[in-house]
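What follows is a set of structures for review.
One chain, chain A, appears in both complexes that follow, with chain B as partner in the first and chain C in the second.
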Partner chain A sequence: MDFSKINWKKAAITAGIPLVILIFLGLWPTIGPQYWVTLFSYFLLYIIISVSWTIFSGATGYISLASAAFYGIGIYAAALFREQFAANLPLIVVVLIGGLASFVLAFIVGAITLRLKGIYFAMFTFGLVLLLKEVIYYWEIQFNDLRGRFVAPESNDTIYYYLLGIFVITMIVAYLIRRSKYGLALQIIGENEEAAAHTGINVTMVKVLTYAVSAIFIGAAGVIMATKLTYVDPGVAFSPMMSFSPVLMAIFGGMGSIYGPVIGAVIFTYIEEILKTGSMKNYYMLIFGVILIGVILYLPNGIVGSIQNLWKRISGARRAHTRG
Partner chain B sequence: MHILEGEGVTKYFGGLAAVSDVSFYVDEGEVVGLIGPNGAGKTTLFNLISAALEPKTGEIRFKGKKINGLKPYQICRLGIARTFQTVKIFGNLPVIENVRIGSLFGPFKGLSTADATREANELLEFMGLSDVAYAPARDLTLAHQKRLEVARALATKPTLLMLDELMAGLNQTELIEAMDLVKKIREKGTTIVMIEHVMKAIMNICDRIIVLHHGKKIADGTPQEVANSKTVIEVYLGEASDAGN
Partner chain C sequence: MDLIINIVLGGLLIGGIYSLISMGLSLQYGVAKVLNIAHGEFLMVGAFITYWLQQNGVDPLLTIVVGGPLLFLVGFILYRTVFTSIRLKAPNTGVYESNSLLAAFGLYFIVQNIAVLIWGTTPQRFSYLASSVTILGEDFNENRLVATAFAVAIGAAFYLFLERTRIGKAIRAAAQDPLTAGLMGVDINFVLALCFGFGAAMAGLAGVLISICYPITTTMGLGYTVIAIVVVTLGGLGSIPGSFIGGFILGIIGTGVTYWEPGLAVASYYVIFIILLLVRPKGIMGK
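Coming up: the complex of A and B.
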C-alpha cells in the first residue's frame, strides 16, 4: 500500500546516483586525459583512506593515527612480493596479502591498545608508525644491506582500476556497517562506552574487529601505490602525512555521513595538487593549516554537515530528528 | 530463592577497602534498598555486581551461578540491568532509539528491528515518555533522562534491576512519580536493588534494607528494624556523646 512515488524516487536516487558515478569512473581512463586519470587515482586513494579511517574513528571517536602504519605494511607487502626484475606473485594476490597483513596488525594493536582513551590512543597509534619505520630501517640495513627496494611498476590504467575496485569495496563495506545493527553498536560506543557495555554490547570485540577491518583497505591501497612509487624505503612507506591526511580530510568533509570524508578527500587532494604545482608550492602546508582551522572554527560538522544543516533550515527542519 | 548472592565480596582502591568482606542476598521479587553515608561503597558494590569492576576476593552468584569474572555485556545478557548515579544516556540519539538499543543488544537473544521498535514504544508509554519519543535524549529534563535510563535497562529484559540513586535531584512531584514507577516495575515481577538517599522513598518501597558503612555491612533487615537499629542511628546521626557536645 505504501508504494508511493517518494519511495521509488528515493530508491532510484540511492541506487542510481552511485551507479552513474561508478560508470563514469569506470570509463574515465578511456575518455579523460592522462593527467586527470592520474589525479583521479589520487582522489580514489585518499577517499579509500579517509573513508576507512572514518569507519572506525568517525563512529567511535577514537582518533587513530596508525593509517600510515597500515599503508606502509601494504607498501612493504608489494616490495617483498612484487620486486622489480623478479618472479612475483600475481598483483591481486599481493593486494590481498597487503590487506590481510594490515588486518592482522590492526587486530593486534587494537586488542592491546583500545582500552586507552582519548589522546593516549592517538599517541600510541602514531608511535606505532614511527616504530615500524625504525624497525624496518634497522632490519633492512642490518640483515639485507638495503635501504630501499624497487617495486615492479604498473601502468597508470592498472593502478587506476585497482584503486577503483578497492574504492568500491570500501564504500560498500562502510555503507553496510553504517546501516547495520553492528554500526549502531559502534555509534553508541562513541556516545557512551560504559553505558554501551552495560546494555549488552561486547565493546572490546566490536571495537577491535572494526578497527582491523577498516585497516584492510588502507593496506590494499598501499600495495597499489607502491607500484606507482616503484622505489620505496621506510621513510616513504611510513610517512606521517598518511596518518594525518585522513583525519584532516574527514574533519574537513564532515563525519556525520558517508559522503563527508569522500568530499573532504577530493577537495583536499585537489587543493594540494594546485598548491604543490603552482607558484605557492612552498606555502601549501601553511594554507592547509589555515583552511583547517577555519573549518574547525566555523564548520564544526564539516562541509557536508554544514550543507545538511543549511538544507534542514531551508526545508523547515521537518526531519530534524532523523538519524543520518 | 536467592536470586543474587554475595559472599565475602572485597574490593580495594589502593590501600582503601571500598567494599570489605560484604555478604548479602536478594530474593526473587524483593525490593532491596542499599543505603549508607557517602563513600560507604554502595556504588562500588553495584559496579562489582555489574562487572564494571572485579572483586579482589569473594564470590557473587546470580541464580546460583558464579558471575564474577564475566564481562559487563555478559552480565546484562544474563538478566541484570543497571542505571547510573550520573545518567549515562546516548544523548545525540532520539529517546526511542535509546530504548530500542536496549532491546536490540540487551536480551540473551536480541530482538528483530520491528519487535524492538514495538517494544520501545510500549516501554516509553509505560514510563510516560511517549511525548518526547523523537527528541534527542540530551534535551530531556533530568527526571526524564533518569526515566529513560530505566526504560533502556528494562528493554534488556532483566530479572534483576539495579537503580543507582533514581530519586536524587528530583522535586516532590517527580519523586512521587518515581516511587510509583518503582512499584509498577516490581508488580511486573522484576526484582529490584536500589541505592537511595531519599529516606521517604526507601522506607516506603523497600521490603528489606542493607546498610553499608566504610565498606562494611552494618545492618540488614526490614525498614522498621533498620530504622530502630542503634548502630545505624549512630552512623547517621553520630554517637550520643558527640550529639551531646
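Coming up: the complex of A and C.
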C-alpha cells in the first residue's frame, strides 16, 4: 500500500499552500497597489468574522446574530483606550482588551441563553446588538454629552498587518477546533443535542466555551477597524449588517469546510465594493436581499458544497462500479 | 393620579395597534414558523399605501378595504413561493426556522429599499380626524380612538373567525401539530400560506391605522417588528388572545417609560424581552 506517499503529499499540500498564501499576504503591502491593499484588509476583516462565526454557528446550527455586538465592543474598546489626542495604551494591548471583552460578553450570553431553542437564540443575540446600541447612545448623550468618539488613526499598513495577524490566529484556531475532539463534539451537538449529552459530552461547557472563543477574534478585529474609521458612534459600531454579513458569507461559501466561509467572504466583499462604488450604490441593500434569499433557496450547501456535490457526481459515475 | 390615568389611557390607545401587529406575527411565527423580521415592512407598506391614496383624495379608513386584501395576497404568494420551498427542502424544523428567518431578513432589505427608492426617507404625515376628545380629564386625538376601535374590532373578528369557522379550526390544528393536521386531511401548505397571508394583512391594517395617527417613515418597520416579537413572546407563542392582551400591556409599559425617559423606551422593550426569555419563555398565555 502506498498510504505513506499519499499522506506525505497531503501533508505537503495542507502545510504548503497556506504557507505560500501567507508569504504572499505578508508581502502584499510592499508589492500591491494601495487600493488593493485596502481592499485586502477588508477581505481579511470579513474572513475573520465569517470564519469565527462558522466556528460555533456552522457546527452547532445555532444562528448567532451577535457578531455586531462583539465587533462593536471591540470598536468601543478602541474608542476608550485609543482616543485621539490622548495618552493611550499600546495598540496591541487594546486589541487584547477588545478580544477579552468580547470573550466575556459571549461567555455571559452563552451561559444565560443555553436553555433557549435555536430560533430564540437567534432573536436574543440580535436583540443584544440593538440593546447595546440603544443603551450606549443613551449613556453617551446623558452622561458624557457626546454622540460619537474619535479614535487615533493608524497607517494602512499597520491595520493590514494587525488584521493579517488576527486572521492567521483565527484560521489556526478554527482548524484546530475542527480537527480536535472538541470539533467533533460540536458536530454531534449540531446533529442531535440530546444524543450528544448522552454520549458523555459536556454540552453546556462545549457550547459556551466555543462561542466565547469565537467571539475573541471579532472583538479584536473591531479594535483595528475603529482605528480605520477614526470616528465611531453606536450606530456605526453596532450596525446590524455586521451580524448578517458573516451568516450570508458563510452560507454562500459553504459551511462544510474551512475554505467555504473564506471564499464566501472574499466574493461578497468584492461584490460589495463594486456595488457601493459604482452606479448601483442605491441598490446595494436591495441586491443584498435578493442574493440572501437566492442563496438560501438555491445554494443551501454553499459554493464549496455545491462544487463538491458536482465533483462527486462526475467522479462518482466513474468509480461507481469499484465501490460496489 | 392624573399621570397614571394619562399613561394607562395613552398605553391602551397605542396598545390596540400593537395587538393587531402582534396577532399577525403570532400567526406567522406561531403557526407558519416563520419569524418574519420583515413583518414591520408590511406595516410600513400599508401605511404608505394609505398616505398615497389619501394624497389622491381617498378616505384613509377606506384603505382598509384595499390594503388588507392586497397585503394578504402578497403574503400568501410569498409563502407559496419562497417559504414553502424552504420548508420542503429543510431536513428538520430547526433548519427550516433558521433558513426562513434569514430569508425574511432578505425580504426586509428588499421591501425597505424599494420603499426608500419610491418614497424617500423623510417622515410624512397627513391630518385626519385631528380634533381632540377629553376622556377622564385627559385630552386625546379623535384619530387615536378611531384607530384603537378599529384595531380591537379587527382583532375580535379574527378571533371569532379562528374559533368558529372550519378554516379557523384547520389553522388551530396546524398550530398544534402540522404533521398530524396534515394526516387529518388539512391541506397544510395552503393553511400555512393562509396564516402568513393573514399575518401580512394584519400588519398592513395596523399600518393603515398608524398612518392616520402618527408620522410615518419608510424606515419605521423594524421598530414595530421588535415590538411585535416582544409582545408575541410576552403573550405566548401562537396564542392569539395572548398577543391581544400582550399588546395592551406593552403599550402601557412603553408609554410609562417614554414619559419617564424617552431615550430608553426601545431599550426597555429589549429588557422585557430578555427577562421573559430567561424567566418564562412560554409567555403569559403559553401552554
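The definition used in the following text is that the second predicted complex is superposed on the first by the 312 of 324 C-alpha atoms of A that agree within 3 Å, B and C clash if a C-alpha of one lies under 4 Å from a C-alpha of the other, contacts with A are read in each partner's own complex, and residues count from 1 in each chain.
Just so it is clear, contacts are C-beta pairs under 8 Å (C-beta built on N, C-alpha and C of every residue); 3 or more make two chains touch, one makes a residue touch a chain.
Please read all numbers here as calculations on a predicted model, not as lab measurements.
In the superposition on chain A, A:185 makes contact with chain B only, while chain C stays out of contact range. In the overlay built on the shared chain, the residue A:283 is in contact with chain C alone; chain B does not reach it.
In the superposed model, A:175 lies in contact with neither chain B nor chain C. In the superposed model, A:135 lies in contact with chain C only, and not with chain B. In the superposed pair of complexes, A:203 makes contact with chain B only, with no contact to chain C.
With both structures placed on the common chain, the touch criterion links A:270 to neither chain B nor chain C. Judged by the number of chain A residues each one touches, C leads among chain B and chain C. The touching residues of chain A, when paired with chain B in their complex, are 181, 184-185, 187-188, 191-192, 194-195, 197-204, 321, 323. Of all residues in chain A, only 61, 63, 112-113, 115-116, 118-120, 122-124, 127-128, 130-131, 134-135, 137-138, 141-142, 244, 247-248, 251, 282-283, 285-286, 288-293, 296-297, 300 touch chain C in the complex they form.
Interface residues of chain B, counted against chain A in their complex, comprise 50, 52, 71-73, 75-77, 81-82, 84, 88-94, 97, 101-102, 104-107, 110, 113, 134-136, 152, 156. Note for the complex: chain C touches chain A at residues 35, 82, 85-86, 89, 94-95, 97-99, 101-103, 105-110, 112-114, 117, 226, 229, 261, 263-264, 266-267, 270-271, 273-274, 277-278, 281.
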